[in-house]
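Shared between the two complexes below is subunit A, which has subunit B as its partner in the first and subunit C in the second.
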Partner chain A sequence: MNTVKLYIRSMSMLIKSQLQYPLSFFMQTIAQLIMEGGEMMAVILIVNRFEEVQEWTGGDLFFFFGMMSVSFYLTELFGRGITGDFPSMVRSGRLDTFLVRPRGVLTQVICGGVDPRRITCIAVGVAALVMGSRMSAILWTPLKVLALTESIAMSCLLIMGLFMIEAIFCIHSVKSVELVNALTYGGRSACQYPIDIYPRPLRMLFTVIAPFALTLHVPAAWILGKPLYGLPTWTAFVTPLSGIVVFVLMTFLFHRGIRFYRSTGS
Partner chain B sequence: MSFIEVDDLKKSFIVRKKREKGKLFREKQTVEALKGVSFEVEKGDLVGYIGPNGAGKSTTVKILSGILTPDGGEASVGGRVPWQDRKEYVKHIGVVFGQRSQLWWDVPIIDSYSLLKDIYKISKSDYESRLKELSEALQLEELMRTPLRLLSLGQRMRAELCGSLLHRPELLFLDEPTIGLDAVSKLALRDFLKWENREYGTTIMLTTHDMEDIAALCSRVMVLGHGKKLFDGKLPDLLEKFDTIRTVSVKYETDDPVLDMPESVKTGRNGDEIVITYSPKEFPTPELLKALQNAGKIREMTLQPENIDHLIASMYKEMDL
Partner chain C sequence: MRAYLVVFRMRLLMELQYRGAMIGGILCQMFFGLVLTALYRALYAGHPQSVPIEHVVSYVWLQQAFFRMLLATDPDLLDKIRSGNIAYDMCRPVNMYWFYYARIAAQKLMGSLMRGVPMLMVAALLPKGWGLTLPDSPLGLLAAILSLVPGFFCMCALENVTMGFTMRTLDPRGIQSMLNLLMMTFSGNILPLTLFPDSWQRVITLLPYAQLLDAPIRLYTGEYAVTEAFHIIPVQALWAGLLIMLGTGIWKANRKRMIVQGG
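After this line comes the complex of A and B, so read on.
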């Protein structure tokens, strides 16, 4: 409970700090809107041009895009400490100051960053979800709402876990590893479309290593009333749990990594 | 059992060298930052820890504050091992890094303190009384609503000290606390540290390059070089051991006094002053005085205290650091 309170207080303080520079904050929020709006335009163009991609309709495409946007930018909004600021925390020695305080390092890292500018990206994502839901005429039931919530929550944990790989590398070599971005940002770009449009190796990558297919595509297919790749209904609620598995595994490795932390400079 | 016990502490880092031409991989090199350092510190002591850059001072502090895990050796502070059960251990220590801030940059410092209250789970009454006392002692009352980034370096250091002492640590580590401070700030900081040490018996261990810090604060000084402890004792003893050269300036009533000095003593002129540098080991001070008086009637004489920085530099040189 205390940790939740600490998190909320840290967030409010960080937001207060960012609002110290209101113009910069405002401009960057607008820039985010334009960026994510551009991504959405790409989907709109595809839908206009093809109407259907394999068996997926335009509405389905918007729905997938919306789910990914909301998950990814929620993670970036609340988990900025891991998704963006961690390398600089190591370089600047802020990690050292976390280590001399009686709280979990990961807790402090997550409490150490927030990115409220992402709110516009989330708004775009929500808009896409609503559009997709309308166009594909989804009949919402409580179970479907539950599936959507679970899917987004688990995708957030998965994205967090993937960014933690970068953090773990960063603890060891004090430099960020760009390769991991292939899984995080690459995963976002690729998996905002239905997974079955990709060749087998890519499908395997996003099922086994970075299981977006399990946290996002399986429940989304079920919500959209698709045959769920031939699997029974309950799988739509079970497969997303792979997100928390990745997160727990990475948390464990992160803590092991901290034991080998070597700190910088004096 | 002493409050801090360090026995044969070792730590080495693997440094990757730049890749040489014609080689596929970068070579690795092991740098031994600490090669077996041992010492004990009693509760309530104020200990200075000096040595040239790269001697292993910060490494020791980082190990004792639980940031780094050593490769070998043992250490305990108040019966706890710093690198085991970190969260429990760090409740009892405070750390101030001279060159990195522990407070939040863009918010008023009072907000930082109130977040630290949550982090350390300090009770409301404890927090309020401690904050009041510290802000008075550190003269922070008027700065409480100012964001950290708008404070001067001296003010910032005072704010950092307040933040690191809110939870009443038994042991305070200071890593180069006076770096970059002006004379007034330095004096105020030293006074405060003495007060905190006297009032609460807080054990203080500081690393510094400023010998005045040591002279003003520390009853005991440890010298570290090349990862080894080279000296451990009182500052006057250290000074005596390496006190090699002194300077005396003399003015005579007469214009051309004839000085009869041995060859080891150098004499020079600075206007109407005669500047004499000598080593008390080779030519004892009473004999020098006798020789000076024999030369004529002295009008004025100043004995310059040895510059501690010079002394330390010559000490490092002698110890081959």
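After this line comes the complex of A and C, so read on.
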């Protein structure tokens, strides 16, 4: 409980400090809005030209896009310490100070960063979700709301877990490893479209190694009333749990990795 | 003139040093290329378009290969402005604009050649429908390479215009990411310009962003006939000239109101 309190306190402090430069903050927030708006424009143009892909209509595509961008940017908002700042913490030796404090390293890293500018990206994602749900005429039931919430929460944990792979590599090699971006940013680009349009190797990659298909596509397809591969209803609630599995596994590996951490000495 | 060439050569050599980062970058970019190819193939499966899929796939690969040409910035300058070290640059007996132009040109050229050439070789070996196809005609290839030259000058000039705007603020992230997004969208990196609505084509192909990579790629795939190169290359050269003029203007104005931060 103490950890949660600590997290909330450091978040509010960090947000306050970021708001000290209101104009710069405002500009950057608008920039984020335009950036994510640009991503969405690409989807709109694709829907405008192709109308549908396999069994997915334009509305379905917006819904998938919205779920992915809400999950991804929620993670970037609250997990900035892992998703963005970690390599520089290792390189500059800032991580050393975390090791001597009486709290877990991971807790401190996550408490160490927040990125409130992402709020506009999340807003774009929500807009896409609403648009998609309208266009595909989804009939919302409490169960569907539950599935949506669970799916987004689990996808956040999964994305966090994937960024932790980069952090673990970074502990060993100091330099950030660009290749891991294929899983994180590549996962976002690929999985903002339904998984079953891709050829087998890509489907395997995003089902087994980085299970976006399980945390995001299975429940989303069920909500849209077109279950993926005809899977039964209960899978929409069980498969997303793979997100927490990845997160726990990566937390374990992270703590193992920290034992081999050597300070850069600067 | 010699001074700028020396700067250019030094930066070329420096960029050559980062070979380790290059391999990771290539693999990552290849992966993005594959994902995009898979996506467009799926989209095309039920809805063939006037632009053949092979052209779109080649477009994706060429865009990915020259990604470093689009998005490479010189981090030193902004650091210098923040720390006040810009004072040293202002003492140099060279024109600051062209000094940085030479630096960014070297960075973009070497960065994209080192990544682009191996990537395109691999992309050409991929099975049919997945990889880079051969150019429409040998003349088309020649025209594409020729138009890459003014495109390249345009790109460096555009980078300096962006830099000119960002120099004015100490915290450049907002404006920089906005200008970069404009470039990524309208240069065809996020979505091939050939897939934008047909009614937009007339306008977007005239924008400076389309001169960078879109025009050479269209000449390569045969979207533009070879003879059209005769009026595409002048348009590119015109934009390069205008952007350089705009850039030098902004830099000159900035130089007058430059504040050297103490520290």
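Throughout what follows, the second predicted complex is superposed on the first by the 264 of 266 C-alpha atoms of A that agree within 3 Å, B and C clash if a C-alpha of one lies under 4 Å from a C-alpha of the other, contacts with A are read in each partner's own complex, and residues count from 1 in each chain.
Note that in this section a contact is a pair of C-beta atoms (placed from the backbone, for glycine too) under 8 Å apart; a residue touches a chain by one contact, two chains touch by 3 or more.
On a predicted model such as this, the values are computed, not experimentally measured, just so you know.
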item: First (subunit B), second (subunit C), both or neither touched by A:2; value: first
item: Which superposed partner A:178 touches (first subunit B, second subunit C, both, neither); value: second
item: Subunit B versus subunit C as contact partner of A:139, first or second or both or neither; value: neither
item: Which of subunit B and subunit C A:50 touches, first, second, both or neither; value: second
item: Residue ranges of subunit C in contact with subunit A within the complex; value: 21, 24-25, 27-28, 31-32, 34-36, 38-39, 42-47, 49, 169, 171, 173-175, 177-178, 181, 184-185, 190-191, 195-197
item: In the complex with subunit C, residue positions of subunit A that touch it; value: 21, 24, 27-28, 30-32, 34-35, 38-39, 41-42, 45-46, 48-54, 175, 177-179, 181-182, 186, 189-190, 193, 197-199, 202
item: Subunit B residues touching subunit A - in the complex, by the definition given at the top; value: 13, 53, 57-58, 62, 65-69, 86-88, 90-91, 93, 95, 97, 99-102, 104-107, 111, 114-115, 118-121, 147, 175-176
item: Residue ranges of subunit A in contact with subunit B within the complex; value: 2, 5-6, 9-10, 13-14, 16-18, 20, 92-94, 96-97, 99-104, 108, 259-263, 265-266
